[in-house]
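Once you scroll down, you'll see the structures, which are given as structure tokens.
Two complexes follow with chain A in common, the first pairing it with chain B and the second with chain C.
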Partner chain A sequence: MTTAMTETTKIRLADFSFRYGKNEVLRQISGQFFENRLTAIVGPSGSGKSTLLSVCNRLWTELPEAKVAGKAEIQLGGEWRDLCDRRAPSQQLRRKVGMVFQTPNPLPMSIFRNVAFPLKLAGIRDREEIAQRVEDSLHRTLLWDEVKKRLDSDARLLSGGQQQRLCIARSLVLEPEVLLLDEPTSALDRTAAAGIEELLIGLKKDCTLVMVSHYLEQVERLADGVFEMSGGILRRLDSTYSR
Partner chain B sequence: MSIFSRIVERLFSLAAAGSALLTIAVFLLLLYLALPLFEQGGFWALIRSPWDPGAGLYGIYPMLIGSLSIAFLALLIGFPLSLGGAFFITCFAPLFLRRHLLNLVRLLTGVPTVVYSFAALFLLVPFLREHLTGGSGLNILGAALMLAVLIAPTMIIFFVDALRRVPSGYLQAVTALGGSPGQGLVYIALPLAWPGILNGLLLGLGRAMGDTMISLMIAGNAVALPGSMMDSARTLTAHIALVIAADVSSLEFQSIFACGILLYLFTALLVLMVRLLGKFPKRSPG
Partner chain C sequence: MNRFGELLLALFSWCCTLLLTATVGILMLFLLRRGLPAFDAALFFGDTPPLAALLLSKPVFDGLFPALFGTLALVLLAIACAVPVGLAAGIYLAEYAAPAPKRLLNLFFDVLAGIPSIVIGLAGFALAIVLHRTFSGRIGHCLLLSALSLAFLVLPYLIRSTQNALEAIDPVTRRTALALGASKLQNILYVLLPNRLADLTGGVILAVGRCAEDTAVIMLTGVVASAGIPNSLLRQYEALPFYIYYISSQYSGPEELQRGFAAALVLLSLCVALFLLAFFIQRRLKERLLYR
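Moving on to the complex of A and B:
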């Protein structure tokens, strides 16, 4: 990776370890994820990739048996935040560090309400602003034309690919600085996956993306940097992915 | 299907039919035994008349009002307590504590009501007498407070079960979007869990209506129509227990069967409502 030194670091890890009960999931890992880049993490199942994502938006603090050591920080709004502090408030941070799960998880409500829901959680009440931001978000995820006439329909009736784009739209409505993607296309067919890939490429200009993926071809197409996770060890792969 | 399977199926069918027939038989028996009272003035007259055996009046209206006021007041006190308890166990308590708390609640459902009654008689009643109600301290408020404690564990178990049935993926999504546990509860879990919560509420009401010991020991057992929650009252169940202990043949004795019929119908209505609730479509949150 030739450009690493000139780019702005968004997330940095130094000798970071993560333990769940007696199981050491991440072992003294170090690395940096750069701003406005898509960094991919590859590796076998159970190697700790998703755990690393859960560290980046402090979802790990919801696991009472989880313990961390070392250093993990994220830069939000020009300020470095500690990801290891269990007691630090996480809600604001999570609004700036979106998460998209492997299986699309639309909430049991309409398409519009799904996308507007994070705004409701954030205490935004202005209906016009909400409507505008929902529309913008659906445009960004290339979903608007497909759903604009049925915004009141149950989101769970959308196809798998549409549901995943809806979940991305739901995260984007908060204008996050970082978007974490946990195998976002693994539950989708080839066409739907291609749609998500196209979307992710477009998102890089506004967002830092960290994506866990099993598909090396996909990583090659999308990623600017690649890490391999194996047995809780994070290793940067020599690559030509920098773009 | 093998012969063994057929025999087992028949046996189970017979057992189910037997249970249903037994329930119907109990109702018919109650009707038969209350017949002399019905012949005097009809069922509706009976449940609207006052209780005055000296004047030949065996109405159970005061007991019906006593039962309803104690049961609904207990529900009014017990419901928010139970919902709060269920929220705490489901969402807010430290994980290691949740299991222990739920086990404790399960244990409380098995405590005999006479134990609750004794606790109320020696702790709650003197407190009410000295600080709140005056008089003997045996009144609707005391009975309702203790009944609320009695029905709370049953309701908590139902509420926790209903809340736990909410798919964890939804709550995980709320957390990942920057929502607090409280927001997940209010915006997602409650709207999805409300049929189960209502079930628990109805069963709590049924338990409060059907309880004998607490109302017998704490409510004061006055057969007059209560005017406020500081008054003594006699419930249908307490009336049955009191009359059956002193009489076995008079018209007064036969009034207990009318009480039984009312309790039976009330319970049947609650069970019917619980069954109907199960058929309602789930409300969408958000």
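Moving on to the complex of A and C:
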């Protein structure tokens, strides 16, 4: 490793490259994301920011033509896991590394079932436990009061901001150690975006957050560390934005 | 395209739609006009008391009931055989197949879809002869063989409709459950298939229609003009499409022809009823899968 190790390192990359078909998306990048911090990744479209997020929860393994080289690891439950191993089981890892996409993507289910869905996937069957965890998760995302009387309604009928908070609640219900956010406010209006920002600040105490964003003002407001991705190269910008 | 071109295209599209709708409307009116006067209990049950016929306690010799029963049994059996295999193969092609075998299988199923039904009927006929010789006359032309041949006929449609439905899912929806820790199978069962339920039902409806109307396959594999209600899957049977074909080619008077039109109306009604059943099942499944 060329980067300095600290006890709060959650994700570390060393000379990591990502290739999709003939296209080299990430080129020998190195860096660390720290525990209970919000690290932002900025940069132009198509520079590889979202690809980097898909490496952090091994979602890249779903792409048959993707190939990786170098080192990428994540620390979960005090144990380092290899993110480059295509054959390693990824389900447990993904339950601890939540992901929120750019466009709110509630599944065509009720609000309750959307948030309870990851628990069902994890094999949790106790109805009381599920109900309690769904409620807790909706409280954490400041959505409970808005939806508690219509938990059986179609989640797709919520407003854009509410849908995105629902998606965050759905990720949080599994109590992840890391939450990956791919431009979580880009499809929302200013008020809804402010609500998400407030939520993210509150989540830092429980989670490590890695966020891709195009909005520099937002990054200034939220981020503890900043990287710039350009042409597949990752560069630290902490000197500009560090707190 | 200039404004005149756009107007011309819109007018042409409108005319085509009108022509198609009018043709279907005229056909329906013609069928109703010719077939409706023959509609009575005797059309279905002949001289047999309807209740006795429905309870299968007395055979029906000169009514449509055995053909209606045979068609319903044939379609349900063929669909029951084809749907699980078609869905599984479609899922395999869309979600699991590597690019090279996928290209090869796509070509194979496209060719299979283009095979005329009479050829599949001939294959069924040859199989019936082999079975007849092997099992010394106990198995031959029968309801089961017709249903299997029809299932084979509609399999390519089911496979392609399932594959296309799954491949049309946007990448974000495809990755949502995976990102939440779903296995590939969980993703398919809980997210991808429920998402495309309407398209999958559409494929099944097409298959139902094809099974109900096809005459070439059943003519060579088990249908006869008069067999009554089959008491086993290994017996010959009657079917509405064959009855319509038989009457229209050999009718002896206007009354008999009128019964042929009535049989066509019955076949249409049966198809509509099966379509409605498919929609009902889709709706119930959707509610069950998608809502608490």
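Criterion: the second predicted complex is superposed on the first by the 231 of 243 C-alpha atoms of A that agree within 3 Å, B and C clash if a C-alpha of one lies under 4 Å from a C-alpha of the other, contacts with A are read in each partner's own complex, and residues count from 1 in each chain.
By definition in this document, a contact is a pair of C-beta atoms (placed from the backbone, for glycine too) under 8 Å apart; a residue touches a chain by one contact, two chains touch by 3 or more.
Bear in mind the structure is a predicted one, so any value in this text is a computation, not a measurement.
K.L.:
Following superposition onto chain A, is the placement of chain B relative to chain C best described as a clash or a fit?
P.N.:
clash
K.L.:
Of the two partner chains, chain B (first) and chain C (second), which one does A:P64 touch, if any: first, second, both, or neither?
P.N.:
both
K.L.:
Return first, second, both or neither, reflecting whether A:L216 touches chain B, chain C, both chains, or no partner chain.
P.N.:
neither
K.L.:
Counting only touches as set out at the top, which of chain B and chain C does A:Q91 meet: first, second, both, neither?
P.N.:
Both partners.
K.L.:
Report for A:L151: first if it touches chain B alone, second if chain C alone, otherwise both or neither.
P.N.:
After superposing on A, A:L151 lies in contact with chain C but is clear of chain B.
K.L.:
Check chain A for residues that touch chain B in one structure and chain C in the other, and list them.
P.N.:
Residues 57, 59, 62, 64, 91-92, 94-95, 98-99, 101, 103, 105, 107-110, 113, 117-118, 120-122, 154, 170-171, 174, which sit in both footprints.
K.L.:
Taking the touch rule as given, give the residues of chain A at its contact with chain B in the complex, in rising order.
P.N.:
57, 59, 62, 64-65, 90-95, 98-99, 101, 103, 105, 107-110, 113-114, 117-118, 120-122, 154, 167, 170-171, 174
K.L.:
Over in the complex, which chain C residues touch chain A? Could you list them?
P.N.:
Contact set of chain C toward chain A: 98-99, 172-173, 175-183, 186, 190-191, 194-195, 290-292.
K.L.:
Flag every residue of chain A that touches chain C in the complex, lowest number first.
P.N.:
Per the stated touch rule, the residues are 57, 59, 62, 64, 91-92, 94-95, 98-99, 101, 103, 105, 107-110, 112-113, 117-118, 120-122, 151-152, 154, 170-171, 174.
K.L.:
Touching chain A in the complex: which residues of chain B?
P.N.:
Going through chain B, the ones touching chain A are 94-96, 169-170, 172-180, 183, 187-188, 192, 282, 284-286.
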